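Consider the two complexes below, in which subunit A is the common component and subunit B and subunit C are the respective partners.
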Partner chain A sequence: MEKILEINNLNKSFQDFALKDISFSLEPGYIMGFIGPNGAGKSTTIKLIMNLLKKDSGEIKIFGKDHVRYEKEIKEDIGFVYDQNHFYDNLSITDMTKILAPFYKKWDQARYLHYIEQFELPKHRLIKEFSKGMVMKYSLAVALSHQARFIIMDEPTAGLDPIIRSELLDILYEIIQDETASILFSTHITKDLDKIADYITFINRGNMVFSRPKDEILESYRVVKGDKNILTGAIRKKLIGLKEHGVGFEAMLATKDWDNSLQERVLIEPPNLEDIMIYTVREDRQNKIDS
Partner chain B sequence: MRILISNLSQQPIYEQIVQQIRTMILQGELQEGAPLPSIRNLAKDLQISVITTKRAYEELEREGLIVTIASKGSFVAAQNKELLKERKLRIIEEKLIEVVKESRLLGLKEEEVQTMLEILFREVL
Partner chain C sequence: MILKLIRKEILIRKKFLLSVVFYGLIAILASILGGPRLIEVVYIFSIIVFTYFFITTGAEIESKKNTGVIFASLPLRKREIVTAKYITAALLPLYSLLIMTVLGFAFTTLWAGIKFIGLNDSLIALLSTWFFLGLALPIIFIFSSTTARVINYIILFTIMFGPFERYIRATQPLDWEPILWFLAVFVFLLLSWLFSVWVYQKQDL
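Coming up: the complex of A and B.
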C-alpha cells in the first residue's frame, strides 16, 4: 500500500542547529509517536514536512507525492494540529469555520457539526474564551471534517489535563479505525504514547536515534538497578546512561547485551518510553563530554 | 467476550491477549466461526497499539486457532477437537518434564512431588 509519509535523508542547517539525515516512513492506519527532548528538532522536522521551512536536501513524500511539487493537492488531505492557537481570537468557531471551510474541496459540513457536538464545543462563544483543550479539539474537528488522511499533531497534549488527553486518545483511535488515515504525534510527554503508539521515531540533537515499532523498542531494553560494586569495566561499557548515586546505580541495558553474571545481582524492570528517552539522552551527553 | 489487560503484569500485553482468547476457544466459550473484534477496534477498546493486537492475532493464526479473511475480519477457526486436545496434552507433558527435572535437581522424591500435586489440585482454583 502507498505510504502516508516517507522521509529520506532530510537535512536542514541553521546557524546553531542542524537536522541531519532524518529518514522514516509511516503506513496507512497507524499512529506514530515522534519523540525527543526539547530542541531535538521535532518541530523543525514537522515544519519541513509542511513546507513551512525549506529543506536543504533530502526527500519528503506524502501520499507518495513530492511535498513541494504537489503541495496544494497534498494539503487538502492533511490535518495539522499544533500547540498554539492559530485561529482568529475574536471570532466564534461558527464564524471561523465559515472562513476556513471554502479552502477545502472535501469539506463535509454535516461531519463538522457532528464533531462539534461530540466534542461539546460552544458554537457561539469567542475563541479567545476557549481553554487550550477546546482549541485543540476545534483544530481536530476541522481536520476531521475535510477528511484528512494524514493528521500531524505538534505537541497536542502539552498543557492539557489528563481527562482531555484521554478523550484525545479515544478520538485518535477513532481516526485510524478504517485503515486509511495515519497520525504523526510529536510530544515530549511520552506517557500518552506508551499505550497508543504503533511506531516511535526518536530524534536527539538533530540526529535519528531510531524509528521502530514501539513493542519492539520496549522489549529491546531493560532498566537495571544495583549495587555499585558490580560495575566492572566490561559491564560499564554495556550500560546505557549510567547514573551512580550514594546508595547504588541505575542504568539501561539492551536485552541483547544481557550478561548472566548480573542475574540476581540487579533489579530488572521493563522500561517505558520516558526511561528510554532519558537514558539514551544521558548516554549521548556523557559520550559528548568524554570525546 | 471478555479480555482484561494488566499493565502491571510481567507478561507482555500481546501474550495476555493470546492466552485469554486461546482459553476461551479451547474451553468452548468462543465457538467455531465466531467473529473476533477487528484489530483496530480491539486496540481502541483496550487502549493499546494496533501492532500489539495485530501480533496477538498473528500468533493465534499460527496456532491454527483463528483465521483472518481479508476485508471480512477474523474468526474462530474450525477445530479438530482431538488434535486440539493432543496439543494441549503435549504442553502439559512438557511442563511436567520440567517439574521432574527440577525435582531431581533438588533431590525430591516422586512421592513428595505427588503429594505436592495433590495439594495443588485441591487448592488451585
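Coming up: the complex of A and C.
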C-alpha cells in the first residue's frame, strides 16, 4: 500500500541550527508520535513537510507524490494543526471558517459543527478573546472537518486541559480506525503517545535518533537503578544517560547490552517514552561535553 | 481559488473598506479648508493614499499573526495567493475612485467651490496608484511589514510630490496618450507580479 509520508535524507540549514539527514516513513492507518526536546527540529521538519520552509536537499513524498510538485492536490487531503495561533484575531470562528471552508472540496460542515459543539467553542466571540486551548481546539476542528487522509499536528495538546486532551486522543483513535488516514503527532507530552502512538520518531539537535514501532522501542530499553559501586568501566560504557547521586545511580540500558551479572544487583524497570527521551538526550549532552 | 482569496481579503478588510467613505469625506473637507492647491489634487491623492494604507495595514495584520502559514497550508498554489493580493490591491483604486466620485458629486451639488472629479483626474489617479502598487507590493513580499511601510511611504511621497504632481498640474485633459500609459503601467504591474511570485515561492514562512 502507498505510504502516507516518506522522508528521505532531508536537510535544512539555518545560521544556528541544522536538520541533518532526516528519514522516516508512515503507513496508512497509523499514528506516529514525533518527539524530541525543545529545539530538536520537530517544528522545522513539519514546516518542511508542509512546504512552509524550503528544504536544502532530500525528498519528501506525501501519498506517494512529491510534496512541492503536487502541493495543491496533496493539501486537499491534509489537516494541519498549528503550534501557534495564526488566525485573524479580529474575526469570530464563524467568520474565520467562512474564509477557510470554501478552499476544501470535501468540507463537511456538519462534522465541523459537531466538533465546535463538542469542544464548547463560542461561535461568535472574537478569536482574540480565546484562550490558547480554545484556539488549539478550533484549529483541530478545522483540521478534522475536511476528510483529510493525513493529519499533521504540531504540539496539539499543549495548552489543553486533561479532559479535552483525553477526548482528542479518543477522536484521533477513531479517525485511524478505517485504516486509510494517518496522524503525525509532534509533542513533548509523551504521555499522550504512550496511549495512542503506533510508531515513534525521535529527533535530537537536528539528528535522527530512531523511527520505530513504539512497542519495539519500549522493549529495547530498560531503566536500571542501583548502587554506584557496581559501576565498572565496562558497565558505564553500556549505560545511557547515566546519572549518579549520593551512593546510587540511574540510567537506561539497551536490552541487547544486558549483562546477566547485573540481574541481582540493580533494580530494573520498563521505561516509558519520556524516560527514553530524557536518558537519550542526557547521554547526547554528556557526549557533547566530553568531546 | 483566486476569487475565494479575494473574497477573504474583502471579509477581513471590510472595516477599512467602509472607512474609505469617512476618510474621503475628511479629505474633501480638508481640501476645501486648504484652498485651491489642495482642491486640485484631492481626488488623485486620496485614491493613492487609501491604497497605500490598504496594503500596508493589510501587511501588518498578516505579519502580526503570520497568517501566511494558514494560507500556505491550504490547497492553494503560492502563485494564486500572490495573484489575489495583486488583484485586490488593483481593485482598491477603482473602489476608492467610485467613493470619491460619489462624495465629489454630493459636494459639488452642495457647494460650487470644489471641482468635480474629471476624466483626467480619474485616469491619472488610477495610473499613478497602479504604478505605485507595482513598486510597493514586491517590497511587501520581500521585507518585514515595518520596513516595507517605511520604504513604501517614501515611494508614495515621491510619486505624490515629485514629478507626478508637476505633471498633474501642468497637463490638460486629453493632451496625452492614456492608452499607451495604461499599457505601460499594465506591463510594469505584470513584471512586478512575476517578481513577487518568484520571491514568495522562494520564501520561508
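To be clear about the criterion, the second predicted complex is superposed on the first by the 291 of 291 C-alpha atoms of A that agree within 3 Å, B and C clash if a C-alpha of one lies under 4 Å from a C-alpha of the other, contacts with A are read in each partner's own complex, and residues count from 1 in each chain.
We take it that a residue touches a chain if its C-beta (ideal position, glycine included) is under 8 Å from a C-beta of that chain, and two chains touch if they have at least 3 such contacts.
Note that this is a predicted model, so its numbers are computed, not measured.
> Touch test for A:L231: subunit B only (first), subunit C only (second), both, or neither?
Touch status of A:L231: no partner.
> After the superposition on A, what does A:K72 contact: first (subunit B), second (subunit C), both or neither?
second
> Just checking: does A:I189 make contact with subunit B only, subunit C only, both, or neither of them? Give me first, second, both or neither.
neither
> Please indicate which partner A:Y30 is in contact with in the superposed arrangement: first for subunit B, second for subunit C, both, or neither.
Only subunit B is touched by A:Y30; subunit C is not.
> Determine, under the contact definition given at the top, whether A:F103 touches first (subunit B), second (subunit C), both, or neither.
Only subunit C; A:F103 stays clear of subunit B.
> Of subunit B and subunit C, which one touches more of subunit A's residues?
C
> Could you look at A:A18 and tell me whether it touches subunit B, subunit C, both or neither (first, second, both, neither)?
neither
> For A:K47, using the defined touch cut-off, is the partner it touches subunit B, subunit C, both, or neither? Pick first, second, both or neither.
Only subunit C; A:K47 stays clear of subunit B.
> Okay, in this complex, where on subunit A does subunit C touch?
Touching subunit C: residues 47, 50-54, 71-76, 78, 80, 82, 84-91, 95, 98-100, 102-105 of subunit A.
> Would you mind writing out the residues of subunit C in touch with subunit A in their complex?
Residue list for subunit C touching subunit A: 1, 4, 7-8, 11-12, 61, 64-67, 69-70, 72-77, 202-205.
> Quick check: in the complex, which residue numbers of subunit B touch subunit A?
10, 12-14, 38, 40-41, 43-44, 47-52, 55
> Quick check: in the complex, which residue numbers of subunit A touch subunit B?
It comes out as residues 29-31, 169-170, 173-174, 176-177, 179, 195-199, 213-215, 219, 270.
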